[in-house]
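Below: a set of structures, written as structure tokens.
Next come two complexes, and both contain subunit A; in the first it sits with subunit B, in the second with subunit C.
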Partner chain A sequence: MANNYKDNEFDVIIVGGGITGAGTARDCAMRGLKVLLIERHDIATGATGRNHGLLHSGARYAVTDKESATECIEENMILRRIARHCVDETEGFFITLPEDDLDYQKKFVESCLAAGISAEVIDPKDAIRMEPSVNPDLIGAVKVPDGSVDPFRLCAANMLDAKLHGAKILVYTEVTSFIKEGDTVRGVKVVDTKTGQEAEYYAPVTVNAAGIWGHGIAAMAGANIGMFPAKGALLIFAHRVNSIVINRCRKPANADILVPGDTVCVIGTTSTKVPFEECDNMHVTPDEVDLLLTEGAKLAPSLASTRILRAYAGVRPLVSADNDPSGRNISRGIVCLDHETRDGIKGFVSITGGKLMTYRLMAEQATDVVCRKLGIDRSCETAVIPLPGSEGGKTEEVSKKIWAAPTTAQKASAGRAGTRARGISFDNSVDAALVCECEEVSVGEVKSAIENLEVHNLVDLRRRTRVGMGTCQGELCACRAAGLLGKAHGCTERAEKDLRSFMNERWKGMYPIAWGNTLREADYTQWVYNQVLGFNVEE
Partner chain B sequence: MKMQEYTLSAHNFEECMKCTVCTAYCPVVPANPHYPGPKQAGPDGERLRLKDPYFFDEMLKYCLNCKRCEVACPSGVNVADIIQSARIRYSKSKPKLRDRILASTDFMGTAARPFAPLVNAVTGLGITKSVLDATMAIDRHRTFPKYAGKSFEGWFKRNAAASQEQFKEKVAYFHGCYVNYNYPQLGKDLVALMNALGFGVELLDKEKCCGVAMIANGMYDGARKHAAHNEKVLGKAASSGRKILTTSTTCTFTMRDEYRELLDVDNSSYRDNLLIATKFIYEKVNSGEVKLVFRKDYKAKIAYHTPCHMEKLGWGVFSTGLLKMIPGAEFTILDSNCCGIAGTYGFKKENYAVSQEIGKPLFDQIARIAPEVVACDCETCKWQIEMSTGLPVKNPVSILAEALDLEATAKLNQHE
Partner chain C sequence: MKFDTVIIGGGLAGLTAGLRLQQKGKSVAIVSAGQNALHFSSGTFGVLNEGAEIPENHPYMKLNLEGYLAEVIPFFASAGVVLKGNPLKNSWRITPMGKRQEARFFMEDADPLEGKDTLIGKKALVVSFPGFLDFNTSFLAASLEKSGTAVRIELLALPEMDRLRENPSEMRSVNVARVMDRAWNKVVSEVKLLLKGEDVIVLPQVFGLKDSAIVSAIRESFDQKVLFVGTMPPSVPGMRTQMKLKQSFEAAGGTFLMGDEVLSAEISSERVVSVKTRNLGDHALEADAFILASGSYFSKGLSATTEEVFEPLFGLDVNFSEGRSSWYDADFYSAQPFNNFGVMTDEKFRALKEGKPVLNLYAAGSVLGGADALRLGCGAGVAILSGLAVADAIAPESK
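Right, the complex of A and B next:
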């Protein structure tokens, strides 16, 4: 593209810093466009960071939605190649329990095979041997290529690669209005949510990749997308109960997927329609917790007596197609809207629907539309070029290449950053010391995240490093990390305020399941912060 | 809303509140910077290992398995069990020849005992120590415990078995390798003491080494075999209602807790019947069932060291309670401190310095008090303290046998 840009002129503006926006920014930047990405909060704050982290094989949709199933398995295989450090190739089971119809299994396997998903029926006894946590009453099991994927890591890696290809990323920046000339969108007016500073940015094309908030963004540009906010609640257990994903072999329903992700496992989800006003402030209800625990224990009975770390909920950005009150029967398919042909609004594209699994394909479709509008003919390479950090193999291979005798923290950093762990300093006793003991995050890794990954506060840091995501939920690490952030930003007051808000954010996720050890831990944490550190969390 | 009534996890690792008191109490942490400490190696590491066995850290071999972390933990986490079972599940390092030799206490005992004078003379030589140090990494400072010419079992059969028949009430005795091959006198003292208290002693139907050294040295299959065998013979004794007494804390602790927690051997058949001899005696004295008559001429300045496994058992109070009854004893309980040897651990060249550093506060305190004898219920603590302080170390059972007027005691304890 032309080189005579002013500072606030771009080829494309992307609104939304979730995985779709990040993927689109990467694709556009790799195709040579000058990209600006605008995100109201931090990356991955919406549905991107609030799901199972399931690397769908597509099997879940095979019977009801073949198109989604096919998309999933194709993207599944692509992510295994391009996002190795974000993916854990766990495999998955679809189990049939005595109360389920075993005939469904046959239909399920046929549908999987038709969609190109390998589905192998295995003996229930073998299933128990392979996954000892599975409900021993199972009467059938099918093995499929499910896995788990870390959505924060995936989103951060896409953002980083976009940046490496010249994209500008503005987080904590909110779009306040569109700059329009007649029926053409010329750019956006924004406000920096931290400083209140206003600015204008221009581009011939703006992409709306704001997930469920895309409904409002589209309305602001004068278009109407009928979206369907479907809330899904999930529970995080304190350690991996299972090492293979466990699904129910039946028509998709509530709480029928148990995913081992990093050091924890996650049961979900529920599905309820919620008003748009609630999307910014999700709460998990006692009924949802009950349902998740009861149904979860049917997949793996030990969940009933496993410590729970947190409860959380996200909103699926589904596009309404019919009057289904639950939202379960709406296609999870990708919706790419060129508002010029649809609504007569030029220079405006919406990419929505879809899911974490198909973000790359969504980004490719959106980028194709952008390129067509800009008259650019360059093919998409995101399916073949690995993300930064994913150029190596598994954690073991990567860490052995970097260190002769890796420490636990080094292994853990290689698990999170992939080959980029090479850039993390372990050179002195300070950098090698731990910030987060549960997840083995070192001072060096925190520093590296602050320097390279747009970290403004502790929650941002958590998304990029897992600081505060372990059993103690910030009890030991949050104050250490706040110290490092305070030093990096040169402001103790800001760090103190941030620490307070972080601890309250941690408590919000513990509150719905605050009993037993989780409550003890919270109580102990409060004692440490109030009595030992003289820090009033509630202030 | 239905709250979970309880939560479960292997060795209670999810009960951990991350308070880190275990690491503060760990004797290895200040002495060895390569050891990550019980919290990280235990409950923290467990979550990572469940994610990927690649997170197993071979540095876990530096754990002494002293269980002080478990004693310190306010949340009931079996920290050392988590660490030891991780070693069992994930460690790829194979035991070396040295480790096999150190761990095979009963095999070595059987082989060496007939040639005891020669073996003792050879292992005591400076040149032998240098060779073992250079070739097998057994530290030159260590002296192998001397082998006895006659085994305890042999002595018992010839000299004691018949006379036990006169007692109506009997106890079984698990003597362990040390009493059998190295120091039969302790077994003889136990028999004399129990007889004076009115109890006959019988041996088990061929006990085997408890296997603690095998567990410590990564020979888990061997340890499981021993455990399975001992479960049978101990279970047999327990089924006839016998209490099974011991004079070694570590053997007791291994057969009572480690079989169940680490080796998955169900020991419920005898677990409640197995106890250290001093606990049995103390409880009998306390209830008035047996009476003690002490020698008037017995005088000694005694300092008692509580072995780590005794602290874990919570039974140190019985040994000290009995020793305190001795009128002629000037008695001190030493501060809680690991002696540093941890069985075969301290014999290894790579651990020697750490071992001595861990024990230093104990040795210093003993030097300040300057007792005539150190009392201790563990044979490996005994070697360590004798080597490091030059003072004799005796089992409380032996001290009691010395301090009591056995004949007068026997007269008072003729059970009907």
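Right, the complex of A and C next:
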């Protein structure tokens, strides 16, 4: 395809820059379509960047939802191959505590095996030896192939690959309306949220991949999807307390998963239905924090005395079955809607429900529908072709292949960028200098992200490089990075405004847990910004 | 071990009180856990923002504000620290982000500007070093240009700094200052070659870590005005000031227990009898009077659980509000109620415990409640003035 197109004409327009949209853009682009992806904010700002980062084995759903469990384990194995640099193969435990029913373990193991998930019963003593942070009172443990996955990295890698296959990505661009001819969607009207510039884009098919915001997008096109925003709150701890994922072996409940990721670990989640108006501005309440702490300490008692880095919350896009407007019959499975057959709206597809783990499968299903509509017969290759950065062998080996004797900063870079770290300059002392000491991010890596990964501001940069994600939560590195961004974009005024909002965004995750060491850090950060740097509220 | 006064905390408040008492002929021991706010100083001392009202429960309400302000410059001069500024009126400094911030007293390498918009010159040469990210020349230049000064930035590559660059995290102000102790005159000669008719030279505060004589020498080397601007923390002028105060305290006969921490205290009949420290173990420190100058949250003078804000050493009364959602504001830049919390005292700065004063325990500096240092710009002022006031309360007679 993609021959005699005007600049604003595409084969497919994808609305939403989360993992589902990114995956769909990659799949469509790999099948030869001319793709436009439109995202209102930055990539991975919704539920994609606001979850555990758990590489589900599917075991959690084995007893209650076999279909989801099977999808999970299949995608789990695929991601280990195609997204090596985003995945940490930690393994996972499902532990039984004295207050839990040990009989459930048997049913759990049987269900796992039936879904194709390996599940090995471990002696509690061995479990403690393998994972010393686990609650020593445990009476049972099952080992499953859980892991952790960096959703920001995964989303960025999908976006990058889509771009490498010719896709156009527009971030900070919001769909304001659909261009319709009768009952056919012909394209979208958009506005650049930074400049206010309006534009129109045309394509025979538009895919709604906007997560919970897909409810509004569908409504804009004239379709109704029964969605229920479910808020999930999580806490990040300042250390990697556990090296193996710890779950409770019982029916899924609040705060029963502890996931190690990079230098930290994450406990979650709660589950509360919230109104749509709240989806854009999630706050974690003191009650949610208390619940997460109490339940988390049951998985790993040392959490009670470990410093918490931040609190955050995401919104799951839960979809109710079409024949159940009450929302009681909620599915966590994939929902792929062809609005032509469902609502009589031609050229419009919604892909929703599902989870981070099954994004690739969701993308495949959506792309299949798009291709069918366009009359294209090309099979999906996203399960076999690695993402950019993951082409090399094991992640640990990558840095050694690029540099003879990699420094710790180079190892950290390779851990984040995979084989793409090759393109990061460490050639001179200025590029090798560290911007962020907590996460060991160098000037060269920041420059590379600004040049290649659509970085518009500090928050974007954090999602690409982990700048400001470490123990100090961006105290000093944010200023250094703001200097580099200011130079790259040639505008210090914008960089300063950006720095102000970056610190406010960091604070949003700190104030719900502002006691102990977090309050100490806040005391210091506020002193530095207010008294040393001169940032005041009056501006 | 017996002293006249034992001070818990070796920051600005503790050192001020200690030096004052030592100058009055008392024997004083200071127990200092380590870094303090001076290490993260702005190079200036704020007393009170222009137009700010002093709240009822503020420490200033318990002391002779104007009288003590007049004493600040001579007192620091007695410790070998040169301070500039009008004791009764704020001047302005340029921050590392190029903003203008008001302050009362200025360290030697901080330059008081008369007004918020005072022009620093017609043409400025801003000098930094390649890869020194903690001095943000582009922000500085942009704000100077905005105020009407033409700016040229030059980066000086000195071979003396190459060793710092070998380690990617070494390029920080203090490490640069250590190099500059040897290489400052080279900076002077190189900058002279770079000048193209500028009337003001802007340098980072990375000179004279041990002795401000280097700062004066640099100023004297140029016909042009030299303006020093702060870096990201740590602060070279702040660390130098801390060191000078400590040396003067010790020169006057004081005992400075560095890297030690008070772990417990014995209180009997409403008086502190002794304190025990980590390093001294069972050898208690006894004294007639004790000063708590242990700082705020950052220095662990105050701590918080999910339920309460407390003073961890003596369990003193703290003016915190109930329910932790009332401790903070969701906007990072707005007033944060937790900054107002601290130890409550009587009119003589004697700390309250269960509503009653501990008769020989005084509190000074940012451990005190009622002073939101960020909102009022009073952090250093509270430390210095309450330090002096507490010392005078303990030893009213002058030597």
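We adopt the following convention: the second predicted complex is superposed on the first by the 523 of 539 C-alpha atoms of A that agree within 3 Å, B and C clash if a C-alpha of one lies under 4 Å from a C-alpha of the other, contacts with A are read in each partner's own complex, and residues count from 1 in each chain.
Operating definition for what follows: a residue touches a chain if its C-beta (ideal position, glycine included) is under 8 Å from a C-beta of that chain, and two chains touch if they have at least 3 such contacts.
None of the values given here were measured: they were computed from a predicted structure.
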item	value
Touched partner set for A:443, first subunit B, second subunit C, both or neither	second
Which superposed partner A:341 touches (first subunit B, second subunit C, both, neither)	neither
Most subunit A residues touched (candidates subunit B, subunit C)	C
Subunit B versus subunit C as contact partner of A:415, first or second or both or neither	first
Contacts of A:240 with subunit B and subunit C, given as first, second, both or neither	first
First (subunit B), second (subunit C), both or neither touched by A:516	both
Partner chain(s) touched by A:177 [first = subunit B, second = subunit C, both, neither]	neither
Partner chain in contact with A:224 - subunit B first, subunit C second, else both or neither	neither
Which superposed partner A:496 touches (first subunit B, second subunit C, both, neither)	second
Which of subunit B and subunit C A:531 touches, first, second, both or neither	second
Shared contact residues on subunit A - subunit B and subunit C	286, 289-290, 407, 437, 476, 515-516, 520, 524
Residues on subunit C engaged by subunit A in the complex (per definition of touch)	37, 40-42, 46, 95-97, 99-101, 130-131, 133-134, 136, 138-139, 141-142, 162, 165-166, 168-169, 171, 230, 232-233, 235, 296-298, 300, 303-306, 324-325, 327-336, 338-339, 373-374, 377, 379
Touching residues on subunit B, where the partner in the complex is subunit A	1-4, 6-9, 13-20, 36, 39-40, 43-48, 50-52, 54-55, 57, 75
Of all residues in subunit A, those that touch subunit C in their complex	283, 286, 289-290, 407, 409, 429-430, 432-435, 437, 442-443, 476, 479-480, 482-484, 486-487, 492-493, 495-496, 500, 503-504, 506-508, 511, 514-516, 519-520, 522-524, 526-537
Subunit B-touching residues of subunit A, taken from the complex the two chains share	238-240, 243, 260, 262-264, 286-287, 289-290, 293-294, 302, 304-308, 395-396, 407-408, 411-412, 415, 437-438, 440, 470-472, 475-476, 515-517, 520-521, 524
